[in-house]
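Just below is one structure, and these are the notes that go with it.
When the chains are written out, they are named A, B, C and D in that same order, and each has its own residue count from 1.
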């Protein structure tokens, strides 16, 4: 099975690039499922129903989020109606929406996608490890599901790595988001789980984490806001990770980064055009 | 001019790998200067005189550090005597050691190396932007120096990116450290400064930021220490960034990541074996 | 019913003062229950079985703790055996010890004491509001218990005040700890719950939060540790809060601070020697 | 000399109470100088020229601030024109306004008032200890000035206590602000400096740090904003500290808290109506 995850979409530049590239990415990889993190899609802050619909229309299967999930207040009314849009699982009981979703791929495989938020240097939430554990205990690879993907939205690289090892052998793929910078540490962990610390953003990399750089620079140096943060509007780089799983185990056999367009060095899995490693 | 920076050396695995690979890296790139971040070289916590000497003997020219700089208390007595070992410039006035150093390359070029520490999610220090500004104001590319390298040791990707843009056009190369994960965003910023958000660690990537993973996992999930943190001892990946500057401007013409050994996908600048982009 | 709570005991100075004064405080107030926070009793860091026994012998009924609870590792083996020693309730499931305890006063009243830890500017734990809610839902004033006391061990005054209002009308008394400074805001909240943002420490106030002041001052100004933190050894001020409840409701009718000895202005409830406000 | 400091004014309730009580406080104490912290005076967020003028008209001599100083953007244009309005001294060089001011009392004494901001759990700024040191080095008690007051606006009680000891013997009075809760630790430090960790707010104490409690409680428990923060409008308690200095030394001979009105137990210096301890 081939799973693709694209990191935090930042603003219009990021949205346009993902909408434009989603079909191509699916086709080149013969991908079974496309997940994107959409927490910054609406002008850098949150996401709307309209944007979700545009992303689904472009070929996205699941949208995960993070600390910016509620920035657009309309989402509170919408999120319960959309089974493919998830928010971090470790919000308090009673929070609108869901923290995990089971989706069926075009070929009929069941995939569980979990979204969790780290707590180091972030707003206090419930324990992300306990939240993920509960899902993994309910839902075992090969038994009740064909693949499991965990989006760990976190600041500290230590917490993301710890989540990778925590899920190792029990999830197909653990990927980080939130730093808005792709990491170059894609690997298959010893237990068979594909891992990358951060997928990076889909946004303009001539910026400060996707935002037009003047105001962030002003705030770092002068400590007084001059204006609002606005997404940078240069050409976005679409950043993500592709994973191929072994249908016999649900674990990963291949993992590779994706970077298309914009300022960063392009890369695409060199196995994209090859046949699958194991017959399905 | 060709400059190489290798990120945080973690423990013996990281030290051994750097000592073993330093000569090869210099030779393959025909490098003029090799800088390493050594803040975690001594068992994960700090660095000692002996380790500095071993690194210099292996071909390292400059050692930068970060928040762990004082973990080995002997360094307080040693640091003033070593002009090639630097600590973040934004410690209070009167702090032992220096925050920047001017070194001469084998070919006689002058290079200013500055070490600064971010403040977001980190211990309070003086303003890193003001500290770097003071150096850049004193020391201009092409006027008093052939190249300027800034190691911004910081947690938040936003602060590192902001430092990149802050120095853009005034430094040859701004590189982040501290996250212990290499980022895949090497680029030359619009003003000509080479930039990568984090060089990554030189350490074992089957770990939590270079430390044996059991105890970090225990602390994340149980919130009670069971033991001490110890560096992971598997084969290290040497992670860093190579930059080539234009001698006419001191700005960057090429930038590419380095990853050698261990668990991560290897990469080396494809221009390493080529002649320099501009005659020196 | 009369309940007394004394804040964080810091080191030997604090222990000696509490042991010496506990009987006097009980007697002057004709107190039914004496609770102390002991998280810094052992040299500033944690507490031991021996110290617990000394405190019980001096007249203490319940010992609560906070973020320093595990600093003395022997406590992990001891805590399960001591029903009067509590640790914050919002540690992960499976943590040794208990986060709440039901104790019987000398006169046969049942008192529930809950310990919770804040999360703002502190280590991530489970939700303290949810943890307290669970206890309050199980155990209602006048129905199953005569009084309920909540020790909210937290850094941010906002989180402590919020806990006060959260419990208002459902607990007899909510008191903060951890800042090591007594606040002067004792009041009965609109719903009948006695509240004080912080009880203050039992320790030497010629110090930095109870620790000998030289090393803290050194670290604030030089940012390099010179030595270890050690408790200040001058005469301690015993700091706490006394509450009288109405037996008919379990809610508070009187609240007043206690400060005895050392450098702070002394105070003791002016109603201590009076009869109780309502017959029991 | 008699100096009065009133803590953070929160919203209209706090403003009205200070305007109403300022004259009475001055008269009862025969005060020479009245300082207030105004950082939350404008609806909880910042302060305006109009509010400054109202406070001066009511008898206030100096207004200090804190992290909310720039919440009302008009202040950026106004602050340079008002020598009696100060902002934290450890903002970057070039920041509008001043961090310290020399004022003359009605009786012709010179008083230096310094405002500094802590960094623990707060936004990164320059070193508050170095900023205060620079002022104290320039301006010595009895030599160039009759009294020195330091407002240390900080979250951590440790940082405030450390500032007290740092200034001990060199300033007349160090007082904390920002926690919005008065502390009960007024004392004269060993070197002669009056100290209280926090003056408390001038605001409604049936609230969460002065704000109407519903929304803060909602955010603590549900982690999703429902509305905006608005100041609580119940009767405010005016909270502050009074200090009497020895004219021969500029150091403190008396210190006592002030709490008037609202929900907290009232207190006023019992020496207010007495003659001064030492002839001026």
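We take it that a residue touches a chain if its C-beta (ideal position, glycine included) is under 8 Å from a C-beta of that chain, and two chains touch if they have at least 3 such contacts.
What you are looking at is a predicted structure, and each value in this text was computed from that prediction instead of being measured.
Under the touch definition stated at the top, chain A and chain B share these contacting partners: C, D. Counting C-beta pairs in contact across B-D and across C-D shows that the higher total falls to C-D. Seen from the C-alpha centroid of chain A, the farthest chain centroid is that of D. Taking each chain's centre as the average of its CA atoms, chain B and chain D sit 44 Å apart. Averaging C-alpha coordinates per chain places the centre of chain B 47 Å away from that of chain C.
Measuring from the averaged C-alpha position of chain C to that of chain D gives a distance of 29 Å. For chain B, residues touching at least two other chains, in rising order: 92, 124-125, 127, 130, 221. For chain B in complex with chain A, the touching residues are 121, 127, 129-130, 155-159, 161-162, 165-166, 179-187, 189-190, 197-198, 200, 205-209, 213, 216-217, 220-221, 239, 256-257, 259, 263-265, 267. Residues of chain B that touch chain C in their complex: 70, 76, 91-92, 94-96, 123-125, 221-225. Those residues of chain B lying in contact with chain D across their complex are 92-93, 119-120, 124-127, 130.
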